[in-house]
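Only one structure is covered here, and it is reproduced in the block below.
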Amino acid sequence: MARDRAGVAVCPGSYDPVTFGHLDIIARTAALYERVIVAVVNLPTRKQQTLFSAEERCEMIGAEVEKLGNVQVKSFDRLIVDFAREHGANAIVKGLRAISDFEYEFEMNQLNRKMAPDVESIYMMSSPQYSFLSSSGVKEVATFGGDLTDLVPRAVATRLEDQLKR
Amino acid sequence: MARDRAGVAVCPGSYDPVTFGHLDIIARTAALYERVIVAVVNLPTRKQQTLFSAEERCEMIGAEVEKLGNVQVKSFDRLIVDFAREHGANAIVKGLRAISDFEYEFEMNQLNRKMAPDVESIYMMSSPQYSFLSSSGVKEVATFGGDLTDLVPRAVATRLEDQLKR
Amino acid sequence: MARDRAGVAVCPGSYDPVTFGHLDIIARTAALYERVIVAVVNLPTRKQQTLFSAEERCEMIGAEVEKLGNVQVKSFDRLIVDFAREHGANAIVKGLRAISDFEYEFEMNQLNRKMAPDVESIYMMSSPQYSFLSSSGVKEVATFGGDLTDLVPRAVATRLEDQLKR
Amino acid sequence: MARDRAGVAVCPGSYDPVTFGHLDIIARTAALYERVIVAVVNLPTRKQQTLFSAEERCEMIGAEVEKLGNVQVKSFDRLIVDFAREHGANAIVKGLRAISDFEYEFEMNQLNRKMAPDVESIYMMSSPQYSFLSSSGVKEVATFGGDLTDLVPRAVATRLEDQLKR
Amino acid sequence: MARDRAGVAVCPGSYDPVTFGHLDIIARTAALYERVIVAVVNLPTRKQQTLFSAEERCEMIGAEVEKLGNVQVKSFDRLIVDFAREHGANAIVKGLRAISDFEYEFEMNQLNRKMAPDVESIYMMSSPQYSFLSSSGVKEVATFGGDLTDLVPRAVATRLEDQLKR
Amino acid sequence: MARDRAGVAVCPGSYDPVTFGHLDIIARTAALYERVIVAVVNLPTRKQQTLFSAEERCEMIGAEVEKLGNVQVKSFDRLIVDFAREHGANAIVKGLRAISDFEYEFEMNQLNRKMAPDVESIYMMSSPQYSFLSSSGVKEVATFGGDLTDLVPRAVATRLEDQLKR
């Protein structure tokens, strides 16, 4: 459907690293909104350490989304609802792949609406060919030396292989 | 967030009858889009028969959404993606309450995208106070003579009680 | 743990027919409470028709629970919370076997607490050997002529076979 | 992996009608076993009535699996474990698409192993492009006049459209 | 329902820190039983380290449950079933919020009943307004500087903010 | 069913340590295939460190499967699909206990089929008495000094207790 795109959407995540699944959601969001901001979590949480720095993760996404024309990449270290508000976002957009995603996102959604009832989060279902794809799965495949061709962009695969050699 | 609303959203469902949970999703959609069309399924499917006719269901919703100003109600008997396309909709919007909703909607999403890759469906998480609320639950409570005050609008409760007496 | 049992518990269900899984939950409840009332749903709901009448279902349960000494069986055609209140019950007790049970019971729990905040429902996890056992599964096995020995009491198996011959 | 195929597998289901998802599981089973018997449930269960007769369903599958060379189609009206035993099957093979499939199959698995501990059931995960595909979804799409091209074989689509016109 | 409360219940957990969701379950348990012991896990498990010491966690709970009159707080470093037995508990009581809770608790339930068949565990469904609330979610919100007002008691919020500054 | 067993199956896992649940799946697989290779993951993944070395884990399994006659144990540090291919395996066989298993295995299945479309993975449902049993649950019980008799073989229990004393 050719339609006027309007408003600003924020796509938050850790993107450690970005996969074809993430890029599919970002592209679909970019088709719905006038402007999309990919928001990369920077503040380290207790439970996980990232393989790539926030800067590296932003770079990798930036290189891939450039062709879409209406997508920016920024890192953030606040509540996502505060980040969304400051950027005048109409909605936070997230992908859902599986039940476990759904449960986690449901919980975060209720927390976020408690923090900021005026910021709406919306969800898209992942495309079937990417419904099995996660950053942690990709890292596991890379660790075991598997083929990353259909999982992440070429440049990301290279950086991942370099990073794991260290 | 006070923002310009833009675009058209379609909220499909059987709404047999409409609950406060449905109305919450419709109102939140109406805050994001310039125009919302509530689409009431009219063609009877094999697995279920509705308690109310499509016309009655449209009437009950219409009375409740009038105050929102930018919401219309229509019945449909085609594929929802065709309905959405004909009305120039930017997106189909649905609420998610529970795992079983998620599974069903995931399946329908993939089917719909196969039919019409250009029509995007987006999802909102139901508010916690409505996450347990379904039309079938409401009908069960009504059958056992329970209090419908916090579940459906007053006018719907009355019609439901009348309908079940028949 | 040998302890004084206290209070009244209600175990609601359709029990169409009672299985060893139901009887396990009833016996475990009878070990915790002074008095247990097995409450058999009588009012036909829209979505299902029972194979046995409420009277027959009560009889089948009654014959099995007699040996427990502190269990009664009654049919009911109201909201379960009203039934529980009228019998001075301390709690409604239900078994949980699987995710789908959990989702349904979560929904009913929220509805019931809306109706009657003073009536508490509690849940027990089914024993592993009965976690796959449901009345509908039993009826399916019976339809195909399978062995019911480990699924339902002897008397129930006989009645089930008789009923299906008709 | 080119390997010798050995043994007999049974693929049970209602196949009302057969979809590309079913055919994918059947073909993958036929690559593992010397001989495959597609077993079409004939005895009507209480909860559902089929759109096509067992004979029609067998015919539709037969036309599609002929090219595989090692697949037969038969209807059955007994317990699947008895059917498997009589045909000297090494295993019953089923596809898993989603959580709800898993729960149902887990329950059936425990029941079947209770009936016949010597008959093993094994499961395959559906291919991602078919993970959303079910016979009931297909019938719903057909009812609404949607495009069946990627969902079922051409011949099945034709019969489905004919059947629904009646 | 005004009723005599009887027996002893144990409410185990890590409570790192206690949330309004935990306090809701504790209060509902205190309305059913004569005496409630909140049991705070002390032995560090392999997979997680707590933010607060067992002593601090006990203190925070103690300050909140004092008003209930019949609730004590103790830390434990044994199997919960052994702790329950030594305190003559009639039941272990736990809250269920989501599918993932259910799966974990189902597994623990079977393990516990294997260890101590005489100790019964019972479950309560969390109230809808707390169904999204977990200690780890609260810690994440606190890390990002979000508002904790509706999530944990004032005193807990203060300690959490102090602790995270270190 | 007495039948000729044919082909090679690979049963991968971390087995840290092996439980009666794992041994049940291995024995059932050994009844279906001519030869079974239990494949013990050796390459440490990012998210977890094992309690026992790969060598120790292989030893513990080896001692238990010797009596089956057709089962070997090997450690591996590559992609499981590559390991399976090199050993001429007809199938990778895994047990499914719960929803969370299913989701993880579904994801891995799609990744593996992307890597190696010619290697088929098949799944067996765990027996009900082991459906609650996991290596991490066993380690937790051992940490708290619980009885391991029904959870792991005697020799494994001893080693586990020794290991945890260090």
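Letters are used for the chains, namely A, B, C, D, E and F, taken in the order the chains are written, and counting of residues starts over at 1 for each.
Note that in this section a residue touches a chain if its C-beta (ideal position, glycine included) is under 8 Å from a C-beta of that chain, and two chains touch if they have at least 3 such contacts.
These numbers come from a predicted model, not from an experiment.
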item	value
Recurring contact interface, reference B-D, options B-C, D-F or B-E [over half identical by residue number]	B-C
Interface numbering overlap (same over half, different under half) for chain B and chain C	different
Identity of the chain that, by mean CA position, is farthest from chain B	F
Rounded Å distance between chain A and chain E, as computed from the means of their C-alpha atoms	34
Cα-centroid distance, chain A relative to chain B, in whole angstrom	29
Separation of mean Cα positions, chain F and chain C [Å, integer]	38
Contacts with two or more other chains, residues of chain C listed in rising order	99-100, 103, 106, 109-110, 128, 131-132
Contacting chain pairs - touch in the sense defined above	A-B, A-D, A-E, A-F, B-C, B-D, B-E, C-D, C-E, C-F, D-F, E-F
Contact set on chain E toward chain C in their complex	1, 3-4, 6-7, 28, 31-32, 85, 88-91, 93, 96, 99, 102-103, 105-106, 109-110, 113, 118-125, 127-128
Chain D-touching residues of chain A, taken from the complex the two chains share	99, 128-129, 131-132
Parts of chain C lying in touch with chain B, wherever the complex brings them together	43, 45-47, 77-79, 99-100, 103, 106-111, 114-115
Residues of chain E defined as touching chain A within the complex	51, 98-100, 131-134, 136-137, 139-141, 143-147, 150-151
